[in-house]
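In the two assemblies presented below, chain A is common to both, partnered first by chain B and then by chain C.
Presenting the complex of A and B:
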C-alpha cells in the first residue's frame, strides 16, 4: 500500500512539474508584456527599468527556476495588477466568496443528486427515472453560463423573487449557489443511478431478498454501501472542477471572487498571479486524483495494487 | 450497466434478426431511443437552417438595416426582435448556428485525425509508445481544458480556426482512449494472429484489420466531441476571447445580452435557448449513437 502511494505521488509530482513548465512557456509566449497595455505608453527606458526590477529581462529558464524556487517556499510573488499585496494575500481574500458559494453549491447539489439517482434506480422507468435522467443530461451538457443566465432571467427578472447579482446578504447567494449546484447534482444523479443499478443486479441482493430482509435495509445497508465507491472517488475531482465554473458564475452574478482573476491575469500578463492560479488548480487536480486513487484502493481491497495500467 | 430507457418489447423478431446487417440493427436500436431520435431531428433542422441561412432570412447577419428600431421586441416581421446595433436578431441566431456547428464539426474532425492514429498505435504497439501516450493524456487530465484554452486563445488572438485547433487539442483524448481500448481488446484475437503469422506488417494490420473494427468507437468519439467543442467555443466567445465580432457567435451574443437582460429580455433569451437546444440535441444524439453502435459502452 505504502509503495503504491509513493509511486502515485512521484508520478503526480512529475506530471505537475511538466505541467508547470508547459504553462510557464505558454504564458510567456503570449505576445506583449505587463507594461504594454496602457493608453499612454511608457518610455522605453522606464519600461526596461521596470522589467529589470521584476526580473523579466532574465532568460526564461532562469525566471522559471526563480519562480518555482519561490513556490517551493510558498512565496508566489507580487501581482502586477495590485502591487500592494502578495499573490498569496490576494488569493486568500478572493478565495472566500468562491469557496462559500461553490462549497454550498456542491454540498446542496451532491446529496440531491444522490437521492435523485437512488430514486431513479429503485423505481426504474417511472416518472422519477425520467426526471432524473433529464436533469442529469441537462446539467452535464448545458454550459454553466447558460444555466446562470436562465436562472437570472426566470427568478430575478421575471418572477422578481431574488436579487439578480452581488455579494452580501445571503439572499443574493441563492442563484449563484443554484448555478454551482447544477453540475454536481447532474453528475451524482447519473453516477448514483448507474452504480445502484449495477449493485441491485448483483446476486447477493437476490440472496438478501430471499433471506427476507426488508427492502429498506437492503437498500440502505447493503446496496448503498456497495455502490458508494465510485461516488466517493469522483467527489474531489468534481469539487476542483467547480473552480473552472467560477469564472462564469462569478462574472454573471458579479461576485468578487477568484473567478475574475483567471481571465484578468491572462489579459494583463500578470505572470505571478497567472502562474499561481494555474499551479493552484493543477496541484488541486493532482492531489484530488491522488486521494481518489488511494481512497479507491483503500475502499476496494479487490483492486490490484500491482500498478497495472488500465 | 444501465439500459436505454425506452425499449419497446418485440424490437425485432428472432427469425429476422439473423439476416439483418449490423448497421440495420444499430439503426433499430437508435430509432427505439426516442430522445436520441428527437434530438437527431432537431439537429437536422438546425443544420438545414444553418446551411440555407441566406434563404431563411432576407438580410445579412451584419446588416444594420433596422437602426431606427434598435432593441425592438419580437414581432411578426422580426421573430426574435432587433439587437442593439439594429440587426435582425433571428438572422444573427441562424448565422450563429453556422459558426457553432461549423466549429463543432471541424473540431471533432480534427480530434479524430489526432486521436485515431495515436489511439490505434498506442493500443497495438503497447509498451513504451503506449506509456508515453498515457502520460500525455495524464497531463491533459490535470489541466482544466478551459484554463489552458484561455491561455491558447489569448496566444492566438481568438478567431474561428484557432478555436477549432484548441478544441481539437483537447478533444482527441477521448477519441484516443476509445480507439485504444478497442484495438487493445482486438489485438490478441485469432484473426490478427493469423494476419501476423502470414507476415502482415503492423501498419497493414492496424489499417486493414484493427481500424475497420474500431468504426463504432470512432463514430462515438466523433459525435461526442461535437458538443464539447461547441461548448468550448461558446465559453471562450462568452469571455470575449473566442470568435471575434462581428462574426455572429452565440456565446458572444449571450455576453452582450446579459447587459440588456433586465430591460430587453430577448437579447439574452434567444441565444441562450439556441445554444442550450443545439448542445443538448448534439449530446443526446451522441449518447443515442453510442448506445446503438456499441451496446457494451452503454451508460458509461
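Presenting the complex of A and C:
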C-alpha cells in the first residue's frame, strides 16, 4: 500500500510538471501581452521597459525556469491586475467565498442526490422514480446560469424569501449554494440509482431475502455498502471542481470568489495569476484522484493492494 | 420410508405465475418428500427458476398453494414467513454474485444465524468455521473474501450458508451449471452427503441431465411453463414418452464419439405439433375433463405425460 502511494505520488509530480509546461506554453502562445489591452496604446519604449521589469523579454524557457524556481519556493509572484498584493494573498482571500459556497453546495447536494437515487432505485418505475430521474436529468442538462437566474426569479423576486445576491450574511448564501448543489445532486442521484439497482439485482440479495432478512436491513447493511464505492470515489474530484468557484454563479450572485479570476487572468494576460490558478486546480485534482484511489483500495476487499487482511 | 404417512417436505399445488397476459408458470404441481430429490428440468425460459423462486416465496405466485411440511405458507406475510425461512434455503448458479463481495466467508456463512438471532457472535463464528469444514474447506477460510476462491469453493460456501440453519428444503437453482466437470461432481457428491446426513429434501433445478440422473429420485420436465412429463428418474431416462423430453435426453453429450446419436432437438412449433396423442386404453383409468386440450395423464404408475387423449388416437 505504501509503495502504491509513493509510486502514485511520483507519477503525480511528473503529471504536475507536464501540466505546468503545457499551460505555460499555451498561455504565452495567446497573442498580445499584459500591456496591449488598453484603449490608448502605450509607447513602445515604455512597454519595453515594463516588459523587461517583469522579465517578459527573456526567452520562454528561461521565463519558465524562473517561474518554476519561484513555485518551488512557494513564491507565485505578484498579479498584474492587482499589484498591491501577492498571487498567494489574492487566491487566499478570493477562494474563501468559493470554498464556502461551492463546498456547502456539494456537501448538501451529494447526500440529497443519494437519497433521491436510493428512493428511485427502491421504488423503480414508480412515480418516485420518474420524478427523481427527471430532477436528475434537469440538474445535469440545464446550465448553471439558467438555474441561478431561475432561483433568483423565484425565491428573490417572486417569493422574496432571500436576497438576490451578495456575499456576507449567511442568508445571502442560500441561492448560490442551491445553484452549486444542482450538479452534485443530479450526478449522485444517477450514480446512486444505478449502483443500487445493480446491487439489488445480484443473487446474494435474493439469498438474503430467502434467509429472511428484512428489506430495510438488506438495503442498509448490504446494498448501500456495496453501492458506496463508486459514490465515494467521485466525491473528492467533484468537490475540487465545484469548490474552486464557477464564474457563472459568482457573477450572477455577485460573489467575490475565485471563479472570475480564471477568466480575467486570461483576458488580461495576467501570467502569474493564471499559472497559479491552473497549477492549483491541477494539483488539487491530482491529489483528489490519489486520495480517491487509496480510498477505493481500502474500501474494496477485491483490490486491497498487496498484503494480507487483518 | 413411510412417505405416505408424513406430509411432504414441500408441496406446490397448481402454482401459477402470470405477468400481464403471459403465463410463465402454468398450474404446476410438485411434491418433494423428506430426504428425496426432485429435479426440475427444461430449457431456459421454461419457468423452472420462477417455480423455484415461488416455492421460496421470493416471487409471489398468481395462483396456487405452497405447502411447507404440511403448513400452507402461501398467504403468510413476509413477517410471519420468517420462522419458515429457516426451513427453506437456496443455492444459485452464479457463485460469485451470490456472495456479498464486501464480507468475509466467515461473516457470510454466519449471517443466517444472526438474522434469526441464534447464538452469540462467538458461537456463530465457531459454527461458521465448523461448516466450512463440513463443505470441505477449512476454518482458515473464514477470514478470506469471495474473490479469493475458485468457483467450486464459492459454491461450497453457498451450500454452507444455505444449510447452516438446518433447513428441511433446499432449492438448488442450477448449482453446478457454471462449474467444471470434475468440480461439478464434487459439488454433487457434497450435496448428496449432506442430504443423507441432514435428511434434506431438494428441489434441484437444472438442465444438466447427467447430474440429474445421479442425484434425483423424480424428474419433472417443464416446457413453456407447463409440466409435460414427470416420473421416477430411471423411468424417464429409459422410457421418456414426450417428444420434448426425448429431445432433451438426446441433447446430453456422450463422451464416446462412436456412440454419437442422431440429434433431434425440436423447435417450439414441432413440439406443439408433436404433443402425444393417446387413446384412453393407453393410460391408467382417470376422469377425463376436457379431451380437446393436452393434459397430464398417468401412463404407468407415477409416470405422467402431457397428451391429448381421444378415442381416435
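What we mean here is this: the second predicted complex is superposed on the first by the 299 of 310 C-alpha atoms of A that agree within 3 Å, B and C clash if a C-alpha of one lies under 4 Å from a C-alpha of the other, contacts with A are read in each partner's own complex, and residues count from 1 in each chain.
Heads up, the rule we're going with is that contacts are C-beta pairs under 8 Å (C-beta built on N, C-alpha and C of every residue); 3 or more make two chains touch, one makes a residue touch a chain.
Just so it is clear, the model here is predicted, and its values are computed rather than measured.
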Q) Quick one: chain B and chain C on chain A, clash or fit? A) fit
Q) Looking at the overlay, what does A:225 touch: chain B (first), chain C (second), both, or neither? A) second
**Q.** Superposition-derived angle with apex at the Cα centre of chain A and sides reaching chain B and chain C, degrees in steps of 10
**A.** 70
Q.
Which partner chains sit in contact with A:125 here, chain B, chain C, both or neither? Use first/second/both/neither.
A. first
Q: Please tell me which partner, chain B or chain C, touches more residues of chain A.
A: B
Q. So, does A:211 touch the first partner chain B, the second partner chain C, both, or neither?
A. second
Q) Is A:143 in contact with chain B, with chain C, with both, or with neither (first, second, both, neither)? A) first
Q: Could you tell me if A:36 is touching chain B, chain C, both of them or neither one (first, second, both, neither)?
A: neither
Q: For A:57, decide between first (touching chain B), second (touching chain C), both and neither.
A: neither
Q: Please provide the least distance in Å between a C-alpha atom of chain B and a C-alpha atom of chain C in the combined superposition.
A: 8
Q: List the residues of chain A that touch chain B in one complex and chain C in the other.
A: 309
Q | chain B - residues contacting chain A, complex | A | 1-2, 5, 134-135, 138-139, 141-144, 146-148, 150-152, 154-155, 227, 231, 234-235, 238-239, 241, 251, 254, 257-258, 261-262, 265, 268-269, 272, 275-276, 279-280, 283-284, 287, 299
**Q.** Residues of chain A defined as touching chain C within the complex
**A.** 202-204, 206-215, 222, 225-226, 300-302, 309
Q) What does chain C use to touch chain A in their complex? A) 53, 56, 58, 78, 81-82, 85-86, 88-90, 92-94, 97-102, 104, 111-112, 115-116, 143-145, 147, 158, 161-162, 165
Q.
Quick check on the complex: what are the chain A residues that touch chain B?
A. 11, 15-16, 18-19, 22-23, 26-27, 29-31, 125, 129-130, 133, 137-138, 140-143, 145-146, 149-150, 152-153, 157-158, 164, 193-194, 197-198, 241, 243-244, 247-248, 251-252, 262-263, 266-267, 278, 281-282, 285-286, 289, 309
